[in-house]
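So that you can tell them apart, the chains are marked A, B and C in the order they are listed, and the count of residues begins at 1 in each.
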């Protein structure tokens, strides 16, 4: 017997930004869900990202989701959810220091423009006009004025808070062991403590999704990788843009309260994910600081108050799987966001609610289907 | 011990206290009332409180206030403070300038 | 990468002791400390420590620090100062901030000995200038020679609150009151008594309600609390102070230990979140140890032994010491530690209500409530019993079982007996042998020993007591004798002031008082010219 209150139309596995945003969208439409979270709200990639709300340099398969969000959802999100999610739409600069960097950016710009995004290449001086603190090392950049950033932790908690107010049941500390099929349909979610049952099971558990999907014979080429970031003490307001580099080795922005948040990588990340717990390495923060100082010498005296590390889910082709799995009726997948799920999370929440309810989709998701992974010919 | 927490548990309405204006996190100037309200907003553990309000995110990284925040949140939830895990410890142990951090010696 | 057999984080009593022990077995050891001076909190401890000889009893904390530094140097320990450990990473790697750079080191073993930080309490105005930690006040006075304020309220009557109150008075500040929310004084009775007789009042079952003042503290409003710690309306009173010192406990500084991911647990009796350690201080991560306050709040004397034990265990782990050698030394350290942990303030008694001494004597209630022993109570204790009719004899007002016995060693005549159990109350015996040398007065870290000569003259008695204030009085000075509560009770004449190198800054002042005040007079206020 499944306890009455362990039953809902939708069981969502994962209390990250995707799970919370979907629960919120479903609740708005009157669909009841239960969200199961192993740790705390926003534990995984939801709190481990640079906060970019960015359309530029997106894979063409997810660019429409990013553009839809920026146009229709982000601008009023704070008001809608009743929490200031610190959305700041002041553009994104992706920086180049070498000719090779410029080549990479040109290709990205070309691709985005062909999908209708307002993005272009600018020279170093023009970039310095937008962001005067940048060093002369920057010889050019891509510039997308409609990009921006927001606070990923607050956004996740805001979706959670609003969904909770609308009656969504959130259970934290629930470790999901298995999804079980009943009469041909994915219906039950078995946890360490109890069993939940729903008409639809949405799996949005980040890097833990793969093992859970495996329990119903589904495999998604997702692995966990380590992400590290650092945070400075509060600095005078310097710039509002979201920043990235052509080499994608560092990214960041100045948050609303004045701290800078920068993420960086050493290239060793895929090889240090075998550890027991996600912890910072002895190398990354120093390496990230060197990168930042090269681009922004003015920040050399800013103090780092904390660094953090965490795993995120990385999909084989770096784009999420968002799909109603034909093989297992009742199972919906939303995972493998590869570190850029936050910016599209409001859109994904909307689309997933449509997918779950089997209503007409606002955007076509066929490029993100589960069955896209095939060996190269 | 089960860590399962039902976030829909009814905590009752927010009742203002006369010391709600008291500053608890002095680095980020966060008051007791803000923390108590955050619990009512569903922030049931110290990590969520920290992310929601910025308690312990300032220069001292919670050295002083984490005990206070923990006891306030515990009281709101009817728990003993030790039942709430503290937020993760983070390197660096002290604030450090980027210039210094970038200058590695082996 | 630079590699050491042992990295010690923190050059306080625990860390230095650990390093010395490991190095003495031949290990290559480096110690890092973020401060400019080593010694942790030892160098601001200007009071004499408790314990027995092997615990450095009756030695002032800063002198113990000096000895430790010398030993560290002799044993070849490398001490790096102004070197802040930023993190502990995989494979026992650490990064250290040193001047303008970050340096990487690796250790086969790491001992975390990062000590503790002071707790605060919140009340309206607690963030105002003028509210400081008692430890911070001590640092200002004793390391930097700066008076933290002029009129001070001490919040907390534990040993830290009591010791720092005394030191504030020594520095020339006026401690207006010591308050504590608890209905009884938390620290050693002897510490309470030495501040009480300087006239500092205790307000127990009292809390601070708020500060007074716009931009900085100009007063403190205190009030009585009921048994549920709630303020009793109508009991508020304002104290005119410019400084509020908080001595409300310490928390282990376990952040670095936590970074390693070792098992932690939260324990009230340890002061907060601490690593789960075995009897050698080893955490759940092999080769990672914790020693001293970071593993649970105690005091410097036990921290030094804990450090020794961890250092010894590291030496064994690294093949520098044989099992039986290790065991003998370990057992002796453990005995030493359990001696310090014994008595009514010991770690096992934390949270217990103690009403009588190990000897079965009732604890002085006035001592717990007012900070001094009532005259009627003191007579129950064998330390103050008089065995002969004539002449000088010691009166020991030490009435709680604390781990301390230097008085026994100090008396060459054998008039003072503590026994094997160092927490036993001292017994005064064979007082006819007392030569009046005063060594017992000097040796008592609690300043609880007096020499009383009831037959100084026909109608006057001479009371000798320890004196650690400046300026020192001189023979012939006049003043008022103070009783145990600091009340002026009768005129007194200073008849003798003894100082000397062997007395380690404690003077013995002898005053003449009318005989009927002999059992009451315990301190003196000297008249000054002005």
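Some observations on this one:
The criterion applied here is as follows: a contact is a pair of C-beta atoms (placed from the backbone, for glycine too) under 8 Å apart; a residue touches a chain by one contact, two chains touch by 3 or more.
Fair warning: this is a prediction, and the values are worked out from it, not measured in the lab.
Taking the mean of all protein C-alpha atoms as the reference point, the chain centroid lying nearest to it belongs to B. Chain centres here are C-alpha means, and the one lying farthest from chain C is A.
A straight line joining the Cα centres of chain B and chain C is 33 Å long. Note on chain placement: the centre of chain A and the centre of chain B lie 24 Å apart, centres being C-alpha means. For this pair, chain A with chain C, the centres built from the Cα atoms lie 54 Å apart.
The set of chain B residues that touch two or more partner chains comprises 88, 90-92, 96, 99, 101, 103-104.
Listed for chain C are residues 87, 89, 95, 102, 104, 259, each touching two or more other chains. Shared contact sites, meaning residues of chain A that touch two or more other chains, fall at 280, 286. Within the complex formed with chain B, the chain A residues making contact are 40-42, 47, 153-154, 157, 160-161, 164, 167, 169-174, 193, 231-234, 257, 259, 280, 285-286, 289-290, 292-293, 299-308. Put simply, chain A touches chain C in their complex at residues 275-277, 279-282, 286.
Listed in rising order, the residues of chain B touching chain A in the complex are 2-8, 28, 41-45, 47-48, 51-52, 54, 57-59, 61, 88, 90-92, 95-99, 101-104. Across the complex, chain C meets chain A through its residues 87, 89-90, 93-95, 102, 104, 259, 261. Interface of chain C with chain B (complex): residues 1-2, 34, 84-87, 89, 95, 97, 99-104, 117, 119-120, 122-124, 126-127, 251, 254-256, 258-259, 266, 268, 272-273.
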